[in-house]
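This is the structure I want to talk about, given as structure tokens.
The letters A, B, C and D name the chains in turn, as written, and every chain counts its residues from 1.
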Amino acid sequence: MSEPTYTRTELMICVAARLFEDGATCFIGTGIPMLAAMLAAKTTAPNLVPVFEFGGTGAILEELPRAVGEARTFHKGISALGICDTMETAQRGFIDYGFLGGAQIDPYGNLNSVVIGDHDHPRVRLPGSGGGNDVGSFCWKTIAIMQHDARRFIPKVDFLTTPGFLTGPGTRQAAGLPPGTGPAYVVSTLALMDYEPASCRMRLKALYPGVTVEAVVASTNFELVMPTHVEDIPAPGAEELRLLRDEIDPLKFYI
Amino acid sequence: MQILESGIGELIQPFDMDEFREWNRTRKSRKLVDKRMSEQEAVSKFVYDGCYIGTELYGTVRAPMSLAREVVRQNKKDLRVCGQGVLELDLWLAAGLIKKLDITYIGLEVYGIPPSLRRAVESGQVETCVEWSNASITWRMKAAAMGVPFLPTRSMLGTDMLKYSAAKVVEDPFTGIKVALLPALVLDVALIHVQRADMFGNCQIDGITGFALEMSRACKRLIISAEEIIPTEDIRKYPDRTVIPYYLVDAVVHAPFGSYPGEMAYMYGRDEAGIKEWVDMSATAEGAKEYLDKYVFGLKDHAAYLDLIGKDRLEQAVETRERRE
Amino acid sequence: MSEPTYTRTELMICVAARLFEDGATCFIGTGIPMLAAMLAAKTTAPNLVPVFEFGGTGAILEELPRAVGEARTFHKGISALGICDTMETAQRGFIDYGFLGGAQIDPYGNLNSVVIGDHDHPRVRLPGSGGGNDVGSFCWKTIAIMQHDARRFIPKVDFLTTPGFLTGPGTRQAAGLPPGTGPAYVVSTLALMDYEPASCRMRLKALYPGVTVEAVVASTNFELVMPTHVEDIPAPGAEELRLLRDEIDPLKFYI
Amino acid sequence: MQILESGIGELIQPFDMDEFREWNRTRKSRKLVDKRMSEQEAVSKFVYDGCYIGTELYGTVRAPMSLAREVVRQNKKDLRVCGQGVLELDLWLAAGLIKKLDITYIGLEVYGIPPSLRRAVESGQVETCVEWSNASITWRMKAAAMGVPFLPTRSMLGTDMLKYSAAKVVEDPFTGIKVALLPALVLDVALIHVQRADMFGNCQIDGITGFALEMSRACKRLIISAEEIIPTEDIRKYPDRTVIPYYLVDAVVHAPFGSYPGEMAYMYGRDEAGIKEWVDMSATAEGAKEYLDKYVFGLKDHAAYLDLIGKDRLEQAVETRERRE
């Protein structure tokens, strides 16, 4: 039996989905996190509690939400309140995971979604933090989902929007961020990264099928910590792809 | 409890709690008076050049789109704008109405960075962007709603967000942890779209409340647009459903499909093609202008807009609504 | 036609009711303020907006509430939210009047409802501030309703629970209380008092039928400011008494 | 932003936001598990001698009376108690269970000062009373619910309330006005009575919400009693009606007439005679003891209590309920 073919986006969604811990509360942002959450709910994390920042908690994700406030984010949900409720719930330690994106990421997992270039005279104005800074500040663990290239994986982000490990061990707590919080993983278009506990620096964890360590290094504009053993990410399974294509995004909104 | 750090961002809407109290005492009637009026009248009466204005919830979800278009139609300029938005703020950016931004997020969601935002900010047309997170801007409104000058948070700390905001970091005098203090935010004008209101302005919302409770209590003037105007008896039968009481409200605009092409929970779903039309046309300044000509300047009012959209598309939007099941 | 007979309580209720300003928002506490508010709504203040601290706003007072949280406090109301909503509404300046009681009052209108005697070893433990301190801090004008005797009208309250004018002109604002707020009237069992603007001290304003200035002075354990002209309070009218007895408190719960 | 004044009252429930975060992370399940149990089981499992405990709303209105009686029955001692109450806290005072009080108001409403409160405090049996206003104790819970160490207020200022509280006065660093900072309050246990809950603890409340939202989010353990247990489908059909989500809840007790002799909005009115019985009997310590013997110690559980009250009186209470009309 031949391996099914799949796109890089489909693979990213599968990798992200596999990171969901069953029964955990997760802040879900627009886009790939939504697809990943749906896939996780249908596979390894049936008791996942999705939280959408504008108030939806515990929705049953039957149809793909296209925005963090739309009715699908509280479809058959357990509550539909407001942004204060979800953000305060996160601030008091109830939200386990947060999924984040950004235009740039640095070795400590800090993210930028505000500007490329100088803040007051930007080369590119990006949408802004949105809930990103809050999610990165309050959630116990954050997972970043990123295009992997050397312009995005850089030594220092142009604008530190969402806190990762800031400038290294202890600096989150020194800044006043809640202890025990911080980045856990980066799901990129090439590989899965985690962080080396001692240095808080990004570390290669696992490669996608067909991707080499050299390719990842070439696409990363800082020194990536190398583990003793690089794992291999399995390709999307047939069932994962079926769910994604037939049940989750049949209208090809994202994939 | 000394100040450990202060953001360098401008407080583009300075506040004074005592002045807000005085406003609430003298400028907001407690009387039950009929506040119904058209978009044209409400915007003309309460939105003014240079005012600090905000909208709720956002562009594709329970958004005051008919009011947002009317603001463009009346060319209200030099606006200082609060927070986050999708289509509604993007229209204002494209129309060149925004001078300063307390920005949290202006994006096209899955469609990415709005070209109108890029053009307006990168050209310098928007003079100032002060950065806030979604939670922190809401808590700024919540502070005003509570009648206090600030609220503490553990967000924004350690980042450039704090640096480019107008927040201040202090040590909590009880346990010694660091917190950021967010200054209260009182808007000059707020635009909020709801499912139902009575003629006095008592409002009910179905589905998530976003930041409607906070914004409605943190503004000097509040324009409500509502899908339905209901009898006050229905409000009084379910007082526990009133999330915005009438005394906060200055104008009530009856705006069926007021959130279109965005959605309205339990009433209609979003029209993806309608949203995509703006996404595509706003790629260039010329395209954005063409869109505004077609959907705003070329039309007299919201009724004309709905005529242009046509019954079929509206019915289709109703068909795709979220249902209670 | 002979004057109707009435009790001292009925008279107090009428005096308090006549102070309601039509169309104003008023915090209503348990007891006499509720009867006064109902009487006002049926007579001179039909557009009164009653606010009850635990969340009821704009109720139509068809039946007498016996507690500040019961359903009659939001009967046909315009909203039924929670204590934060009403107290925050007051803190941001939306509540015009507050009606207050207490065990002791001083010349500056400060009230005590915490202890008689020393706080830590009280002779009498009273119920506590409840919303009293908040109402006295936030509302634009407060009206105290008091038994009038020399043990209650005293130079200094044992425990300053609810702020009046504290120790005189400017002291409320110096303490941080919102400018422009403070006591307006005292409705006692003998007379109606207001405050002399220059000194912020309690001033006799009007006497109840049959009460002399001397009787009020004898029942007041501090020097009451005397106006150039003491007004006379008219006795309850027949219609006021009919409303009170037949419509407002037919079960004789209070009167 | 220096400390201008500090209350001398004891912080009888010290707090640590990071510890509360850790508790919420590790000790509160996110799983949908059946949490139904009896009053006996819930109180035995979660209420303990010396714990810091609070009830919502209050004695005669949507009060967790069946739970409050069970606390007496199980003789949970040395309680440190939050806030305000009528019958429920008065029972605990009469039973000698309360050691320390963050007191706002304990009264018999129109019936005046509770003799049980007087006896308990004036005798020194209650060791400590720390004073707070109703708003400030609620904002203390709100601070914890928000996950911040304090909230500012303009209440309490200039009075002995501030002096005998544990608040601190500072100057607002933005506009220079004075504010009192209220320290966050995290209860060990909270008891809240609602109209409806599902077996997981998702709750709906009709009528005013009092301080249920704040207290439910500011406690380590939450026992819900509910008039009705409803299917989760009904919760999910109206997610916008859930004011307390299940993950905050540790126990769900089915308690019909759980607020009796107090009222439950839209379900039953209060039984004035039932309330008056406590008012009269509690005038003396002996009378209070007799009442407790009759209504608490002499009865096995809430079902036995309702049997003793009898169908007629309960039906009469239902008859006098508030109606939506």
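Just so it is clear, a residue touches a chain if its C-beta (ideal position, glycine included) is under 8 Å from a C-beta of that chain, and two chains touch if they have at least 3 such contacts.
Keep in mind that this is a model prediction, so the values were computed, not measured.
Touching chain A and chain B together: D. Chain centres here are means of the Cα atoms, and by that rule the chain farthest away from chain A is C. Counting C-beta pairs in contact across B-C and across C-D shows that the higher total falls to C-D. Centre-to-centre, using mean CA coordinates, chain B is 40 Å away from chain C.
Separating the centre of chain B from that of chain D, both taken as means of CA atoms, is a distance of 37 Å. Averaged C-alpha coordinates give centres for chain A and chain C that are 58 Å from one another.
Averaged C-alpha coordinates put the centre of chain C at 28 Å from the centre of chain D.
Multi-chain contact residues of chain A (touching two or more other chains) are listed as 56, 74, 76, 80-81, 84, 91, 138, 178. Residues of chain D in contact with at least two other chains: 17-18, 146-148, 153-154, 177, 179, 207-209, 237, 239-240, 325. Contact topology of the protein chains: irregular, matching none of line, ring, star or complete. Listed by label, the pairs of touching chains are A-B, A-D, B-C, B-D, C-D. The touching residues of chain D, counted against chain B in their complex, run 1-3, 11, 15-18, 146-154, 168, 170, 172-175, 177, 179, 181, 183-184, 205-209, 237-240, 324-325. Every residue of chain A that touches chain B in the complex is listed here, in rising order: 30-31, 53-56, 66-76, 80-84, 87, 91, 110, 114, 119, 121-134, 137-138, 159-163, 166, 171-172, 174-178, 253-254.
By the touch criterion stated above, chain D contacts chain C in their complex at residues 57-58, 60-62, 84, 86, 103-107, 109-110, 113-114, 117-118, 121-122, 124, 129, 131-136, 138-139, 142, 153-161, 164, 169, 177-180, 207-214, 263, 265-266, 269-270, 272, 321-322, 325.
For chain D in complex with chain A, the touching residues are 17-18, 20-25, 28-32, 144-148, 202, 217, 235-237, 239-240, 242-243, 245-247.
Residues 23-25, 47, 49, 56-60, 74, 76-81, 84, 88-94, 96, 138, 140, 178-180 of chain A touch chain D in their complex.
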